[in-house]
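Should a chain be cited, it is by its letter among A, B, C and D, assigned in written order, with residues numbered from 1 in that chain.
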Amino acid sequence: MSHNTFGHLFRVTTWGESHGPAIGCVIDGCPPGIEFELSEIQKYLDRRKPGQSRFVTQRREADAVKVLSGVLPQSERDSYITTGTPISLMIENTDQRSKDYGEIARQYRPGHADYTYDVKYGLRDYRGGGRSSARETATRVAAGAIARKLLPNVTFRGALVQVGKHRINRENWDWSEIDNNPLFCPDAEMVPIWERYLDDIRKAGSSVGAVVEVIAEGVPAGLGAPIYAKLDQDIASGLMSINAVKGVEIGEGFSAAELTGEENADEMRIGKDGTPRFLSNHAGGILGGISTGEPIVARFAIKPTSSILTRRQTIDQDGQEVELRTKGRHDPCVGIRAVPIGEAMMACTIADHYLRDRGQTGRLD
Amino acid sequence: MSHNTFGHLFRVTTWGESHGPAIGCVIDGCPPGIEFELSEIQKYLDRRKPGQSRFVTQRREADAVKVLSGVLPQSERDSYITTGTPISLMIENTDQRSKDYGEIARQYRPGHADYTYDVKYGLRDYRGGGRSSARETATRVAAGAIARKLLPNVTFRGALVQVGKHRINRENWDWSEIDNNPLFCPDAEMVPIWERYLDDIRKAGSSVGAVVEVIAEGVPAGLGAPIYAKLDQDIASGLMSINAVKGVEIGEGFSAAELTGEENADEMRIGKDGTPRFLSNHAGGILGGISTGEPIVARFAIKPTSSILTRRQTIDQDGQEVELRTKGRHDPCVGIRAVPIGEAMMACTIADHYLRDRGQTGRLD
Amino acid sequence: MSHNTFGHLFRVTTWGESHGPAIGCVIDGCPPGIEFELSEIQKYLDRRKPGQSRFVTQRREADAVKVLSGVLPQSERDSYITTGTPISLMIENTDQRSKDYGEIARQYRPGHADYTYDVKYGLRDYRGGGRSSARETATRVAAGAIARKLLPNVTFRGALVQVGKHRINRENWDWSEIDNNPLFCPDAEMVPIWERYLDDIRKAGSSVGAVVEVIAEGVPAGLGAPIYAKLDQDIASGLMSINAVKGVEIGEGFSAAELTGEENADEMRIGKDGTPRFLSNHAGGILGGISTGEPIVARFAIKPTSSILTRRQTIDQDGQEVELRTKGRHDPCVGIRAVPIGEAMMACTIADHYLRDRGQTGRLD
Amino acid sequence: MSHNTFGHLFRVTTWGESHGPAIGCVIDGCPPGIEFELSEIQKYLDRRKPGQSRFVTQRREADAVKVLSGVLPQSERDSYITTGTPISLMIENTDQRSKDYGEIARQYRPGHADYTYDVKYGLRDYRGGGRSSARETATRVAAGAIARKLLPNVTFRGALVQVGKHRINRENWDWSEIDNNPLFCPDAEMVPIWERYLDDIRKAGSSVGAVVEVIAEGVPAGLGAPIYAKLDQDIASGLMSINAVKGVEIGEGFSAAELTGEENADEMRIGKDGTPRFLSNHAGGILGGISTGEPIVARFAIKPTSSILTRRQTIDQDGQEVELRTKGRHDPCVGIRAVPIGEAMMACTIADHYLRDRGQTGRLD
């Protein structure tokens, strides 16, 4: 596996920079015979799209996805069926204000990849962060939409569960609230609190971190593989590859450090339908790297947006000390738009393991 | 990449079960010309070895490693030089009490991989957990020892920083304390507290979780690669593959969710020696997936040992409900022995990225 | 490695069908800082382009390549520098006469992939052969042009050495003849013979096979790796992946079967410049899977174009026996246009091994 | 994929040198539940084993294989069932006469990998060729035996079809002859001719090349995948990785260059059983990189053994010109023992594609 590819049998290779002509991805290994409409991809892209509320960057991108290969067009407009060959998806960049970035072309923005790209590659595309821009994640969301079609009985849902120090009350969790607010918040009572807080952050030209939770329900038991393709490992890898993510946990996660063996054990019984069931899900749906059939629960922490309006000390590529105040259009909390991205990474990872398991064990389908 | 292999240019494939004749690994891609003594591998294995104190499992394994290939023996005894061909390392299993496991051959131990292995594979090696046993991690420690030799200017050190609810006082951090106590604890004041606590846990037949911190110092800036080979992503993947790990974080990790952009920014200046330096290291040594030259800091959470002496409800492979009390020899806190394993995974991952970067950019050496 | 990707550090993923909107490739792992002009890619595409002479298909494609990512535009028009991020290249399909293929939508053309695709995938893109069309090879030629830039001191040249039973006289070999005729023939005396023969074949609606030889000169000794990344193995793999190729050989190839050890040995002496040299090159520049520094010589056999105007017996997808006469525009000898494709595969493979060797041994640059 | 591993879902990693303590391989991805007896692996190793006749090297190796992991021992002695975890196989080296190689420790044997290993790695294990020795192929034969168990309905058989200029008469082909002579010759009339010829070669201290043909019967249609995992490509890659192989061809192979489209077409009809059948098999069982259901036919050319008793000119590692006469025990025709190796590589490759296809399409089982 390499730099810009993830997955093994359901493989996604992404390409493109923030301010180039387009971004895109190639999905290799998608099974044949999967029918989808373009709108089924587009709807997920629209959830991640910038400019949707005052809490996210005001860059305006249509994020209209095109399917360039790997499908047969069906009689209905924008309806396709996969052929088993690589699916090339492309999104043209339309709203590129390269001039915004002129003055930081030579200065390293703290918290950004400017310095490290220059050290590694000797040069970088400074326009909008180039390849290190979160714009790349649009292609992951598109790939995730295809992955969902591959697993029609699995739901992949995400929510923002913490913004700064404000955590949701898990007892208020209501999935139907997610689409009622621009923050992917499942706790209706928390919404106004977060909104006021984020308004303050935005007006101050500041930013703040967040935590996202992603849950996959309906995943069959038996996916994943010891030892270096553990399902939790691959999910962690996928989530950690999202821009600005600094931590990932499964099930109890870091809280498990505080538990005893008795508290953490997920006991088992036989359900009324005669099938095994777990009495709890501290494990987050994964034991020994293999899915248990319980919901798979992952959380990831996103650092505050590095681009802020406060002057910070930094250096430029000539080794001069400078002070830098990032302009341009940015998200006060990149964690918000990370919700559909996290769902997509979870969907792609589980689709990949579904195919791998079918290959190795022949159990499924 | 596949089920039992990790790494790309420095590739490690492990094999073996807890109660088979041996366990081992093959290291593929190690550069030629690296000299080492067997004792330099053995000393890390000895740190991980069971039976070292009353806080870890009493299984007695010599864990004596043999080098079967990939080296030329040197004139001095147990001294070798790598040839660039695959290095096969083997550790024989000596203290296997298979009878201990007889009665759980058909019952699923809560928190273990018994159920999921049976679902996936239709059968499993129940003796000591088979492939899902942490015994496999001995081979990682051996591979990590070779990786360290490849990067002589980098130090990889780990410490236990939390046991149950007891966290060390970071102001007391003293690396030299690590080897003065059997708990890899860098805080001398915390050692007796943890010891008393773990004695209680052990006597109660219970177990508890923990958090390990691993730090790599001396890593050159520029290692890692966007987008799906981010250094933090690959470290997270490696650490999450360790048995019982439920969470991984880099630098500020989950705390970053609570910070503002101003608080989290690592500002830069030019040091007295004329080279760039960072005024803080919230990023944990990685920006945009690429190393900054600052120490790389990772933490991971380990759940409490699942094998406890308290009866728990579970089922057996015939779908019968049973109550199970795990016997055998086990660790009250598997987090302790996870310290050298975490170091090894960090070392292997960074060695791999060192070679990858040298391949792609030709910058190093 | 997967279905539509080749290479390890210099990785090429291709996508696209004959009659979709476009074809393209993503080159992942290209080192940063390589300057090139678009015309340096285009010139190789033009060599492979259909419609160049009466001996190749009359499909008219501009084959104009676009660079969508992975580069910084330079001040000069159509001049770029690579950034180390994935390079996305796209070629739009312009001359698609899908109607030509209407009647074979349900019939399996003998020698084509129609039947096997249908068995495997349950459906196929019958328009122009879909993904199985040699049109995909245009993207390889584009990737090969980038690979050449990475290795400025290596020349990759190919020639047609056999058409049907007519083999060139190797004593007449003159590389400068290659561009003087439309058949990539290095033997001026053979050109009129082949032209007459191919005219006959073309007029008869028939086709014929061919053999291509590709030579890389200037490859440093030491590239390639035992055991499953042998340089000859990877070259064979790359060449065998070209449509219609049925055999590959290195150096003496199948002739080696007839030689004795004495005849086949490449003896060594020290040259006047003090460096090792070989007195012959039966090995084709590779020993033990590793380059010797001598020219790397590979040949591959291409079967006759399967599309011919003679009626052949076949079946359709309903299991009915039918007789089929392929219409459409086709090459009487696909071997001709395979020359630049073979060069490209050789260039990509050697570029990949150059980076791999630099990664593992740090010898080069 | 990397240096010492082949396969994707059925992955084989080999390790070991000619004169180290042992050689071995790790098979990762073998499905669970496959029962086998040790003798079923051993019998293939015995076919490849040295010292079986006067026509092969007189090195005496028991080549006794041990299974170290990945299986559950069954009640019957030496009977096992696979568990889905990595299968580690080991063969100890017993007859190592390192002293034979003393004088060539510093000299480069023509046709061997001595020079190229030294250039690449800066040092090498000169004892018996180290890693470049064909001894490594014993581990492939062991892996191939497991692959055969995975595909019980497929037969993998090989034969020697050419020794020097002497080719078998294909009309005499009789598989039952293969085990009646020590040369894997399917043509009883050719056996005495080859024996006399090889006796002469052996007595002269010379060697000669050969051609091996391997046929897989019973492979279901639909295995393989466009574009860079074509079944013929992967078979070619596997066969070309065998020591001393210089050419590979599928079906008509190089002869296809001489055929017209009419001659080469494999026409189709519906058989009496209602299933599609081909009227010929010029394609060697593969169209568009995907199996047709017809026998898969591959041939490969092996160069003459490089170690001969005639003095040859060469250089040593100090750059001095020397004359070298290789001593030690060697095969007059390495092609003979290549037969079971070719079968093994074919079996592993097809097993891998079987699992891959099952993963991607879910068609099989």
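The rule is short, and it goes like this: contacts are C-beta pairs under 8 Å (C-beta built on N, C-alpha and C of every residue); 3 or more make two chains touch, one makes a residue touch a chain.
If you're wondering where the values come from, they're calculated on a predicted model, not measured in any experiment.
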Chain pair with more C-beta contacts, A-B versus B-D: A-B
Recurring contact interface, reference B-C, options A-D, A-C or C-D [over half identical by residue number]: A-D
Maximum centroid distance from chain A, chain identifier (CA atoms): D
Length of the line joining the C-alpha centres of chain A and chain D, rounded to whole Å: 45
Cα-centroid distance, chain A relative to chain B, in whole angstrom: 27
Approximate Å spacing (C-alpha centroids) for the pair chain B, chain D: 38
Residues of chain D whose C-beta touches two or more other chains: 2-5, 8-9, 14, 29, 32, 84-85, 120-122, 131, 226, 360-361
Residue ranges of chain B touching chain D (in the complex, touch as defined): 2-5, 8-9, 11, 13-17, 20-24, 26, 28-29, 32-33, 66, 68-70, 72, 81, 83-88, 90, 120-125, 130-131
Residues of chain C defined as touching chain D within the complex: 1-6, 8, 14, 108, 110-113, 115-117, 119-122, 131-132, 136, 162-165, 201, 206-211, 221-230, 232-234, 236-237, 240-241, 243, 246-270, 274, 276, 279, 282-284, 286-293, 301-308, 310, 312-315, 319-321, 335, 357, 360-361, 363
Residues of chain B defined as touching chain C within the complex: 9, 29, 31-32, 84-85, 226, 355-356, 358-362, 364-365
